[in-house]
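Given below, in the form of structure tokens, are the structures.
Both complexes shown next keep subunit A, but they swap its partner, so subunit B is in the first and subunit C is in the second.
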Partner chain A sequence: MKTIYMDHVATNPLHPEVLDAMMPYFREIFGNPQSIYEPGIRAKEAVENARASTAALINAKPKEIIFTSSGAEANNFALKGIAYASRNKGTHIIVSKIEHHSVLNPARFLEKSGFAVTYVPVDKYGTVDPDDVKKAITKETILISVIHASPEIGTIQPVDEIGRIAAEKGIVFHVDAVASAGNIPVDVRSLNVDLLTFAAHQFYGPKGAGALYVKEGTRIVPLIYGGIQEGGRRAGTENVPAIVGMGKAAEIAKRDMQKRIEHVTPLRDRIIDSALKIDKVTLTGHPERRLPGHASFVVEYIEGEAMLLLLAGKGIYSASGSACSSKALKASPVLISIGIPAHLAQGSVVFTLGEGTTGEDIDYFNETFPQVIGRLREISPYAKGWEGAEDPTCTVKK
Partner chain B sequence: MYSEKVMDHFTNPRNVGEMPDADGVGTEGNPVCGDVMKIFIKVKDDRITDVKFQTFGCGAAIAVSSMVTEMAKGMTLDEAMKITKSSLADALDGLPPQKMHCSNLGADALHKAIEDYRKKQGK
Partner chain C sequence: MSPAEIQQSQNNQLKFLDKPLQADATTDIIYMMCPMHLLTIEEQVREIKAGQVLSILTDYDGALDDIPAWCRKTGNEFLGIYEDTDHYKFYIRKKAPDNKQNV
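What follows is the complex of A and B.
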């Protein structure tokens, strides 16, 4: 059966050039970059070359890049690292309501550890109003953290404006750019950011490789203490093949970015145009200011996980923010924060395209998606509307 | 994640649809927190002669609904009252733990349909 991968926001396959670049560092050049003999020196050179190309992707200096194991680690590092480095200046942190769990959960941890956190709201498109951030600032504010682009609804935030506000007030500004870096232009200088998280597997690099950009002169406390790797700010023997892979993927992303954007944008628009012709299907996220390969919807009267399973049965792999498709069995906080009622959030589906997606894939998808919706609506008691749905209170015991 | 049996009942659900002349109807669940199952029964001489279902929910919810209709058809009402969450899960070769409660409403919806029938009969 033909399979079509439409979950590029979950992860991506390695670019063949990335795999080729990584291979020698598993066996031939296996040395520890901290060793002073030849294999170590060569591994160290590879790490530093990767640092330079990784930095170049976001217009940073090589020494401003700290390699981590993942985007989640970099987000944890940013929040905890800045909070603990600045706690004598203040104890207030601002984040948006649509952050990734790897920002929200460290924020909650910090709340339990004596910090105060303000969660700024978003509008119906999932956009943060920079004025709301400005209003939330107090004398105690030490950190503002906002996601650049939402993996769930695709919306791109006005991080440059928020960056200007943070810079005026002298507050450290962190951006979680996991879903954006490598996919759309990200320039740390023009965005006015002090810290920025990104991950290699979001742009055809390996899993297990992420980075935190830390602007020169920014004080940060390590998350992982130990040896002197990464300038003493992130201990642990360097994952040399993964770091090399991240560097290569960054180099290719910079080279091919415009081509990739021009490839996925019209394909995405075809999906959106076609899906919105189906009754009771709405787009989630911003109609224009969204990731180029990102199409996300709420389909009424049916549930997301069931859609994913039927689509997977037809060879189409996609994602959902429905409660049933999450292990936690809770509706996605992102969908709730853009004002989607919980029963509609159940019908969330997300399709994300990549450089391998073809026009034929989209033809097949546009033909299959309405069939899947029709099939599930045949089974649904709400096929004709939400009449008869119980009061919006949860009575089911979990 | 799901057993072959769950996938079979999910992709080819049995007894789907509305029953306008049902003798008993039972609804369980809530679309806000998860799944909703609606079961329609036709009863003759204390025996379930026909069952239909409509479900809003995940793959497990649809499979459970399909399975409960298949099991209940032909049973006496007392026998059908003995169908439980765990007997349904067993019949489907198991359900993932997180789906055991919120998606496994088939027995409850069926029991409500039977109660509805009995109430209408004035028993």
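What follows is the complex of A and C.
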């Protein structure tokens, strides 16, 4: 059976050039970059070259890049590191309601540690209004953190405007760009960003490689203390092959970005046009300001997980949204925050495309998706309406 | 020990200043722990010219012993420490290149 991978926001395959670049660092050049003899020096050079190309992807300076093990680590580092570095200035933090859990949960942790957090709302498309951020600012505000693009609904936030507000007020601004960096242009200078999180596997690099951009001159408390790696800001022997892979993937992403965007955007639009012809199917997220390869929907009367299973049975691999909705069977806080009722939020599906997606894949998908919906609606107890539907609200209201 | 060396040795003892000094270059390593203060000084001193003053901002208490000791060892002049609200400012004057030890 032909299989079609439509979950590029979950992760991506390694680009062949990335794997080639990484291989020597598993084999011959295995030295510790902190060692002062030849294999160590070569490993150190590779890490520094990767730092330069990783920085170039977001228009940063190499010394502004701290390699981490993941986007989640970088988000934790940003929130905790800035909160603790700035607590003598104030104890108030602003985040949006549609942040990833690796921002929301550190924010909740910080609330338990004496900080106050404002969770700014979003509109029906999941867009943060920069005015709401402005209104939430107090004399105590030390940090604003907003996601660049939602992996769940694809909406791209006006981070440039929020960055301008933060800069005017002298407040540190962090952007979680895991879903966006490497897929759409991200320029830390024009966005007025002080910290930015990104992860290699979102742009055909390896898993286990992420980075936090920290603008020169920004004080941050390390998350991991230990040795002198990453300028003493992130200890632990460097994952040299993964870092090399991130550098190579960043270089390719910069080179191929426009081509990739032009490839996936019309394919995505074909999915959206076709799916919206099906009765009671709604697009989630912004119709225009969304990730180029991202199509997300709620389908009434049926359950997202059931759709995924039936689609997987037809060789189509996709996602139902956040881990919250997928694993814990709770309504996704992102969908709740854009005003989708909890019972509808259960019918969420997300299709994300990549450079390997073809026009034939989309033909097959557009033919299969309505069949799957039809089959599930035949057996759904709610197919004739929502009477008697439970309303399982998410425990995560913030 | 020549009179100049005796003078320099006395200069390199721990001493606190009443007010911050003018520096030609500043490096902020607040929240960084050992041995970043020593590695950073080595790097930064290399960047400035002989006779210029480097200021190091740190909240690492171990620096109180280590930075004057590093100056004694390397022949650079330790000018003193200013205790700010939540960190120390250390001041070092880079030695002339003809001193006996390299930096």
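Here is the rule we use: the second predicted complex is superposed on the first by the 382 of 398 C-alpha atoms of A that agree within 3 Å, B and C clash if a C-alpha of one lies under 4 Å from a C-alpha of the other, contacts with A are read in each partner's own complex, and residues count from 1 in each chain.
Note that contacts are C-beta pairs under 8 Å (C-beta built on N, C-alpha and C of every residue); 3 or more make two chains touch, one makes a residue touch a chain.
This is a predicted model, so every value here is computed, not measured.
Contacts of A:342 after superposition: subunit B is touched, whereas subunit C is not reached.
Legend: residue contacts after superposition of the two complexes on their common chain; A:259 is shown touching neither subunit B nor subunit C. Of the two partner chains placed by superposition, only subunit C is touched by A:220; subunit B is not. Legend: residue contacts after superposition of the two complexes on their common chain; A:303 is shown touching subunit B, with no touch to subunit C.
By the touch criterion stated above, subunit A contacts subunit B in their complex at residues 301-306, 309-310, 313, 322-325, 327, 329, 341-343, 346, 378-383, 386, 388-398.
Taken in their complex, subunit A has these residues touching subunit C: 85, 88, 217, 219-222, 225, 228, 231-233.
Listing the residues of subunit B that touch subunit A in their complex gives 2, 7, 10-11, 13, 16-17, 27, 29-36, 38, 54-62, 98-99, 101-103, 105. Residues of subunit C touching subunit A in their complex: 28-33, 35-36, 39, 85-86.
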